[in-house]
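These are the structures in question, set out in turn.
Presented sequentially are two complexes of chain A, the first with chain B as partner and the second with chain C.
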Partner chain A sequence: MMSGQGQDAKFFQRGKIQEFRQELQAAETKDKKYTKRKTILKKIVANITMGNDMSPLFVDVVQCLGTPLLEIKKMVYLFLINYGRAKADSIHMIIPNFLQDCNDRNPLIRALAIRTMSYIPIPVVIENLTEQLRHHLKDRDPYVRKTAAICVAKLYAADPRKAERGGFVELLRDLLVDSNATVVANAVAALSEISDRQDGVLFKLNLPVANKLIAALGESSEWGQIYILDALLRYVPETHADAELIGERISVQLQHANSAVVLTTIKVLLYLMNYMESRKLIEHICKRMGPPLVTLLSSGPEVQYVALRNILLIIQRRPTVLKNDVKVFFCKYNDPIYVKLAKLEIMYRLANEENVKEVLAELEEYASEVDIDFVRKAVRSIGRITIKVEGAADACIRSLLGLIETKVTYVVQEAIIVIKDIFRRYPGKYEGIIPKLCENLDALDEPESKASMIWIIGQFANRIDNADELMDDLTYNFLDEPTEVQFALVTAAVKLFVYKSSSDSVKALVHKVLKWTTEEIDNPDLRDRGFMYWRLLAINPTPAITTDADRMDRGALDQLLLHTGTLGSIYHKNPETFIRGAAGKALVDSPALNPMSRQVLVPIQREAPPSGPIVVPGPGPIEPGAASIPSPLPMNTSKPAPPLPPESVGTGGLLEGEGSAGDEDEDEDEDPAAARLASASDPYASMDAAFGEYTADAPQPSTVTQGAELLF
Partner chain B sequence: MCSSAFSSEMLRPFFPMTRPSSTGKAFFIFNQKGELLISRLYRPDVRRPIADVFRIQVISSSDVRSPIVTLGSTSFFHVRVNNVYVVAVTKNNANAALVFEFCYRVISICKSYFGKVDEECVKNNFVLIYELIDEINDFGYPQNSEIDTLKSYITTESVVSSQIVAEESSKITTQATGVTSWRRADVKYKKNEAFVDVVETVNLSMSTVLRADVDGHIQMRAYLSGTPECKFGLNDKLVIDKSERGAIDAVELDDCRFHQCVRLNEFDSNRTISFIPPDGEFELMTYRATSNVKLPLRVIPTVNEIGTTHVTYLIVVKTNFGNKLSATNVVLRIPTPLNTTSVDCKVQTGKAKYVPEENVVVWKIPRIQGGQELTFNAAAQLTSTTTRQVWARPPIDVDFQVLMFTASGLIVRFLKVFEKSNYHSIKWVRYLTKASGTYQIRFILHGHFGVADEGGK
Partner chain C sequence: MAIDGLIILDSANFRPIVQTSFRSFSTAYPLLHIDAYNAALAKAERPEDIDPVLFVPLPDAPTACCHLQHLSLIFLCPISGNLDPLYAFAFIRTFLDILIEYFGDVTAPTLRDNFDIVHQLLEETLDAGGHPLTTSPNALRDIVLPPSLITKILSVTGVSGLSGPTTTGLSAFSSPIPWRKAGLRYNNNEIYFDIIETLDAVVNKSAAIITSSVLGKINVNCKLSGTPDLLLTLTNPHTITEPSFHSCVRLSRFAQSKTLSFIPPDGRFTLMEYRFDPSASKPGAAPALTAAAASQLQVQVPFTLRSALFVTDHGGTFELTFSPRASALDDVVIELYLGAGASSATCSASTGGGGWTYLPAQNTLRWSLPPTTRGGRSTANNNNTLQGTFTSSEARPRPARAAQISFALPPGALLAARLDASSGGWSGKAGDATFVCFLRGGQRLGTMERMEARDFGITTSLSTE
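Our next item is the complex of A and B:
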């Protein structure tokens, strides 16, 4: 085995421009084997890495191109890539060297030359490159052609109009049918990049080209396979049979060792399913996707994390993919925290009457671990499962009471929060535990848990003998409490009054609270509420809750799944909402598109992120106070969405959808109109509802507060 | 048989990079202090200060809870390996799996070239690493990264560019872009040999629910001349539909994945594993099995809490394999309460030692023969605390290796080599089942308040 350890660490020392210049000049003599120059250049490259500006050495470094050593040439080229743009006025000096290399007999040198030139986007270099590149795109050596293909993407990034006028896009298209699969793959990557630009050209695939690309899959490198698979989203099947055939052909890639190949294959399969008719085939593909997805959990933790976030999306849209596999998502003690948190959400999703016992036992174990976020989320999951799986409710309540016994503050608080919801889900069933909860009043120091407890006291004031005393204690610091708690206190005080209107002390209490609210509180909402209660003094029946709403809207899911494996799938957000300039994707209508998918289709949102610092709204339901968030979708709920007009497909024109209404077996029968009505204001509103109010650990892009974007 | 194959444990880097199929705008390697060791910017709209952002947001941050950090439109993907961070920066909706796979690949290439990956090694070879990265990533798009091919033209030796024979280069370029980009055509060996190592890692989590599964890796070292066509056979039955189960004598694999060289179409149509192998060592396939997992060691713990001052342990280890086999390098890590002052251990075999820094007793046993049964007795003394500390009770962790044993029951049935010169080749197969941080037994703490039972010493 070759493990030639270099000895270059000593070069990582800050040096002065003047010293390096003298050393280089001195090395021009008595340096037969060029070792001196090699050493100095290594020092210079180390200094570039350390952020020491070496650009004043431009002329001196370029002189070294006179030596015949390939290693020296590569270091000089690296120098040029770093400082070429800064030294635009001197760069003409090395054009002859570039041109000579462009025409070298050795294909590796030819490729190196165009690769380097294309990294220096200044006019004189670009000018010379364009002339050369035309030949290199037709070079007899595939290595040069595959390098030239990427050069076109770089050229386009530097000067799009020049690249178009020069006919390079057409030349690139020609490479799509090159005899060499690596060349094809790079051409696909370059074309995709060009068309993803907002000012880019349109890159769509028709059936014959799509078939040619699929034929090249088997001979492509693993990375090439990813470029090709990704590009298949640009193909819109016109018939069910086309979608089904392509799906079958690419599904063999699920067995590939590279997890990115597997996930990208899954993305394409999920996409194509929107255009398939055969329920048997769809079911078969779903079954086939499960094991490879689980296998991704044997990869490094980073890939596991990507896989888990995607699985969470996929099982909401295609529940059959991993129906019976909840055990594989149980946490290992030494999983990194981000893996554990992602697993918890999947465990909740997959919990059902059959497996709930095991899931519950696991969650109880987790509740005794050390990471506070993890413990809280485990407790919250127990609560959510209580609401979701009716048959397990008794066991869950026992387990929650056991957790309250631990007296660990954050566990107790989390348990109280979920118990509040359980009371709403199962009215009249578990109120017997209220005295136990009341014992823990003093432990509650967080607004959410405190507000939950107050809600419980108000709601069941008729069953809690000393409710008035408890409320009296709780309102002691009314004016210093957080708004959330104040809201809860006002409402609870009013409910208490309704139950016990004959009690003088209760009368005094409600009077005191409403007086504070209307006279001393600044928050207008709270104040208004105080006034209203004052006048109404009535109880509204509380609507019972279910977990039906915690699955993402189907149209939104279809759209997000077009981003399987990408950042968008990790944050569960469409990229255009958090990445400036990102193109949105939507399923494209075609005769083969499943009518149901068509109906729930979410069109591309044209609005670009704001040009200032980008603020990404956190996941979870919109809070009542934040009702001013604009509705992104002017949805008309009374009739199906019209097919997308062609221009709204835009540059990255993509697609979405799902098979015929007949294949809806895996989606609990949902009435699309009702589903849309529920989510008309925001199709993503229910996305994180399962852990909705608890956003601490939901992965999300950070908000940039002070124009940090400008830094880069 | 040499043992070197077993030293290649999987790299477990900690952290992750961004155009959908590109690894983004910049690639960095940092040391732990946040100093740049390698810095490659691919796009004009990314400048160096972006590296400072990563240093501040991730390296200096005490609480990084994701391998991906997104600030505005910019995302940092990081993988940590030893004392360096491998980082990719993207400004678009990157294919996250691709970015991480690329980071992993950089790490494995460096490992193959230099034997290890850490700060010292990166610094010692930085010029070569720049060369490698330039070759395997163009404008953020990963390119051919087959180690065998890279080694044929990216080397530590000085090459005079005018002396490279153009024909030689053409061979390289054809290989780097070809159908078998992982193999040179001109490989020659006097003795043609192939070694197959089946290495299984058992994942066990034992508590109220038992969960056991096997991650299998089939490593191959092929020293075969020419362009050999190989066919590989296992006693497997790939279970796609769980209702299909039930074949006798076959091991049920939940899933398997193959090296780039394996023809997936053929596997899909008739379950044959056929391929032209890379020269030297590579991972032919990985698989996963969850049914009928044979656990090599059984660990039965009894842990009692005696009042608030003692915790006693009785741990029995039993083997579950034949008398001719043995488990080696067995290490049990038995957790102790946080307020432990000392632990009195009694073992007949191996050595047991309390490691206060980690709150564990480490019991090392060099070898356990099949059929043997070992016991561990200990009592931990606790300081009395007024407030009862919560003890998270981490699981008991067991590491071991068992040669010539597969927990899944997988057997290599044949490896056939066809080459046009029709040479004779020798094939070796070896099996190893191991656990390393993956074999965990959770235990229940029985309370015996005030009652000193026979376990208390």
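Our next item is the complex of A and C:
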């Protein structure tokens, strides 16, 4: 171990500036081999990193710069990097030292000097650096050249126009064909950094340079490889053959041990595929991408998580990748929860007629595990698979019923939520199980499951003999229920009435519920719904449910895949929407771009203007389609009911008042103006007759409450 | 393409030990990320369940905080651009490897004691703009002296300083190959290869394998002079699928001829990782199956675990029966999570059936079995059983439905034997030096396996209630 082990720990103690100053002055004499100064500087640096302000020592510390000892130089430079900017007025006195070190015989010192200067964005320093850097970019030592390349990016950040006028961008471009791979990689990194700025020059690659960069891949460090591969996204292939050749050449990188290199390679391959013609080659590359992705799953949980989030994106665009590998996504008992949840999502995506049996068996297993959150998601996944894979519906229903039998409350509740959606997907097929569900009515204590059960009762009121009794029980605490449940109750009561309009108890029930809704409920949406039902009796089709809507839009996917591996791919959002200053990425049109990719091409928007016409919801029923703009977050598994596709036509039902329609209403009516308009102009006034004998009884909104509502 | 910096926290008090300077950010920037991490930690039920990429909604621009825990240290890496989080994780791993290389055991006290070295390492590996600089241990060792005895002597005699590191440092950077410095000299030219294979399997209650995979890793310790260019040939490369290589391996060469051609780094490194796929060795294997799917058909788990677990009010009874199939198994440890609230367990193992402990902190029962005798073919006599009861504060405990079993196969057993052909087929050839090649895979290094046995009869007992 180190000689001064115990003493170093003391460096953490808050130092006293005065003490250090005196020590430094004392060290100027009788300091053989500079050991005293070294020790004091070490203490000072320790204090800097602990966040203690050492800037008053500026003058004393820079005195040490003349010391011909690299270790001391390093520490003084570290001090300068920290306080140089704050000491703008005294920095000029060190310039001669900087210049001297810039021309030192030792390349390490030359590099250290320019590196330090580039971190101090003060005009006088930048001025001197500009002069020096030109030589260092052509230094004979590769270590200096690679450091100088990065310094250009810093110079550009300090003064873009000056750097351009000085021809530094061109000098960097020359380094792209340097003999040393590390220098090439750093030049690429610097150019990329410049180009990613909003005001930066665009960095584009042509075929010869792209080929040169790929040749440098073999000798680069992993970091260099990442820079180079990432820069290949700036190359737009002009012909299919170019794209195919480059794709072939970089695909060997898929076998790199560094996970970041692998994922960056996949990103570039996915990008190039948009410009390829040969189906066979695309298929081939897709096949080759599978194994490295699987290999990432044997790394640490954090790498697995990033990999899984990306796999989820990739398999939506290129379903052939990992098509037969659903088993590698089976959860291990000791996976962290975030890995398990990400795996579940992928298992659902990969489930098809062939593998559904195995997948279902796994999901049943998960549904009986210990972790509640995971169990719920597993049950939801069973439901989603039922909706997705028609051939497996019977088996899924059986397993869901099995889960309900366990009587574990959260499992039962989750199962009922998904069964509601299954009823909507397969109308007329599984209603036989309704009695079983009704047995568990008392177990439901969460709003979503309760609302689902109520929906089922309302929707199939004609098949449930004691539907009116059940509804009577459920409405017992109507005013204390959460809004979600109240919505469901109102709708279900109306449906019940339509089925059993002859029953007096049902009449009383619906009357009671609507009266509560319109007179005692504060929620404007719910109240409006109440008024609407009072007057509305129109036949609306109940649309069938599909899972197509939870797929991402093709153009958006193409765009997201350009961010493979990055934060954007973790959150499944384009980075410009959540990172300030992030430049958008989009496919660039070229003769080689696939017609399919061109069709869905999303143009780049640096300053994202509002896209499309802004629809102001006016009076009248809300079109189901208007609110069903595909959500950018397909991961929203907590709400499995996808927006209703407006074109689908179902049979039987009469009112579209299901859960998801409720969500839409909520979204739209957040605009108080819209709510006001809707209630003021009363578009349903002409439908009075529809509600038969109850019309006369319909309560009118009191002016007092309306006034209160307007205040919102 | 740059990370913002690195913060190393002490998990004892969640305060920073060392951090980079975050020069282009406000002083609060690192603190905000530490707070975000602590807030996420407070919210999570188990510390390992926090998302590895935390979204930090800073007022002016949101960022992400990648984090990773190693023993008592927590590494935080904030990123503000749309960067690849794997890039951050790869850097953290690399830096961690460097620390391990320098200090051996990496703990909070070690880092505090060697603060100046850690700080120098940070400065050299990550520039202030967030670009990784020198991460190859070969080159680093010349710029930042490791805290070794020699350094101590050098500093006492005054040899270190400008003359010491810089002259040799030059050689590190003048080398055209980033991972190997020029001009190395060894008296004994030796290179060692270790092959470690891991079997990962999930088994259901009828002892059928649901998934299994064998992952292999070749670790190398290279002590060769000069710049040797090595060529390694595998005798049956087709059983190796999904290989991934150290950056020194020429990938295009492997793609062409399935041979490993490389100039090795100096010292220890991982040459390659791969998945073992015995089915590929059979000609005419169904091409429709992918590598992962096909390997599942092949690799067998060398034992079975039968079990029955009955849950009663505030506790339960269980019986585990372990029957080895392979001739020899070492270090067999079976762990069973008894559910939240489990308070104690009492068991009795069959004669010679090993020992058990109950870990109250993890609510887990651990059963360690003695090594099974070599050459004992009759599995019927080798059965070990563990019977017992447990108590729980929960009225209706929910123990795990899966037991986790880890074990080691002694050299030459089962998998290693199967892999013999591939592991025994190395041949060494150097460009400008002769050397001895030591091969240890399959002979001296154990094969570590880990599996879970799923679902053992808890369902029935739960429904009896």
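Keep this in mind: the second predicted complex is superposed on the first by the 589 of 712 C-alpha atoms of A that agree within 3 Å, B and C clash if a C-alpha of one lies under 4 Å from a C-alpha of the other, contacts with A are read in each partner's own complex, and residues count from 1 in each chain.
Convention: contacts are C-beta pairs under 8 Å (C-beta built on N, C-alpha and C of every residue); 3 or more make two chains touch, one makes a residue touch a chain.
These numbers were taken from a predicted model, which means no experiment stands behind them.
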Q: Determine, for the superposed arrangement built on chain A, whether chain B and chain C clash or fit.
A: clash
Q.
Is A:259 touching anything from chain B or chain C once the two structures are fitted on A? First, second, both or neither.
A. both
Q. After lining up the shared chain so the two structures overlap, which partner does A:71 touch, if you call chain B first and chain C second: first, second, both or neither?
A. both
Q: With the two complexes superposed on chain A, say which partner A:52 touches: chain B (first), chain C (second), both, or neither.
A: neither
Q. After lining up the shared chain so the two structures overlap, which partner does A:211 touch, if you call chain B first and chain C second: first, second, both or neither?
A. neither
Q: For A:571, decide between first (touching chain B), second (touching chain C), both and neither.
A: both
Q.
In the overlaid three-chain picture, which partner chain does A:183 touch, first (chain B) or second (chain C), both, or neither?
A. first
Q: Kindly classify A:523 by the partners it touches after superposition: chain B alone (first), chain C alone (second), both, or neither?
A: neither
Q: Once the structures are superposed on A, label A:288 by its partner contacts, choosing first (chain B), second (chain C), both or neither.
A: first
Q: Mind telling me which of the two, chain B or chain C, contacts the most residues of chain A?
A: B
Q | Partner chain in contact with A:365 - chain B first, chain C second, else both or neither | A | both
Q: Under the contact definition given at the top, report the residues of chain A touching chain B in one complex and chain C in the other.
A: 1-3, 5-6, 8-9, 11-12, 33-34, 42, 45-46, 48-49, 51, 68-71, 74, 78, 106-108, 115, 119, 141-143, 150, 153-154, 180-182, 186, 189, 192-193, 196, 218-219, 221-223, 226-227, 230, 252-253, 255-260, 262-264, 291-292, 294-295, 298, 300-303, 305-307, 324, 327-328, 330, 332-334, 336-338, 358, 362, 365, 368-370, 406, 563, 565-568, 570-571, 575, 578-582
(Q) Going by the contact rule set out above, which residues of chain C touch chain A in the complex? (A) 1-2, 18-19, 21, 23, 27, 48-53, 55, 60-62, 64, 66-68, 79-87, 89-90, 93, 112-117, 119-120, 123, 127-129, 131-132, 135-136, 143, 147, 151-152, 155-156, 158, 161-162, 165-166, 169-170, 173-174, 176-179, 200, 202, 204, 210-211, 213, 215, 241-247, 250-252, 254-255, 270, 272-273, 275, 288-293, 296, 337, 339-340, 398-402, 404, 452, 454-455, 458-459, 462-463
Q.
Going by the contact rule set out above, which residues of chain A touch chain C in the complex?
A. 1-3, 5-6, 8-9, 11-12, 33-34, 42, 45-46, 48-49, 51, 68-71, 74, 78, 81-82, 106-108, 115, 119, 141-143, 150, 153-154, 180-182, 186, 189, 192-193, 196, 218-227, 230, 252-253, 255-264, 290-292, 294-295, 298, 300-303, 305-307, 324-325, 327-328, 330, 332-334, 336-338, 358, 362, 365, 368-370, 405-406, 563, 565-568, 570-571, 575, 578-582
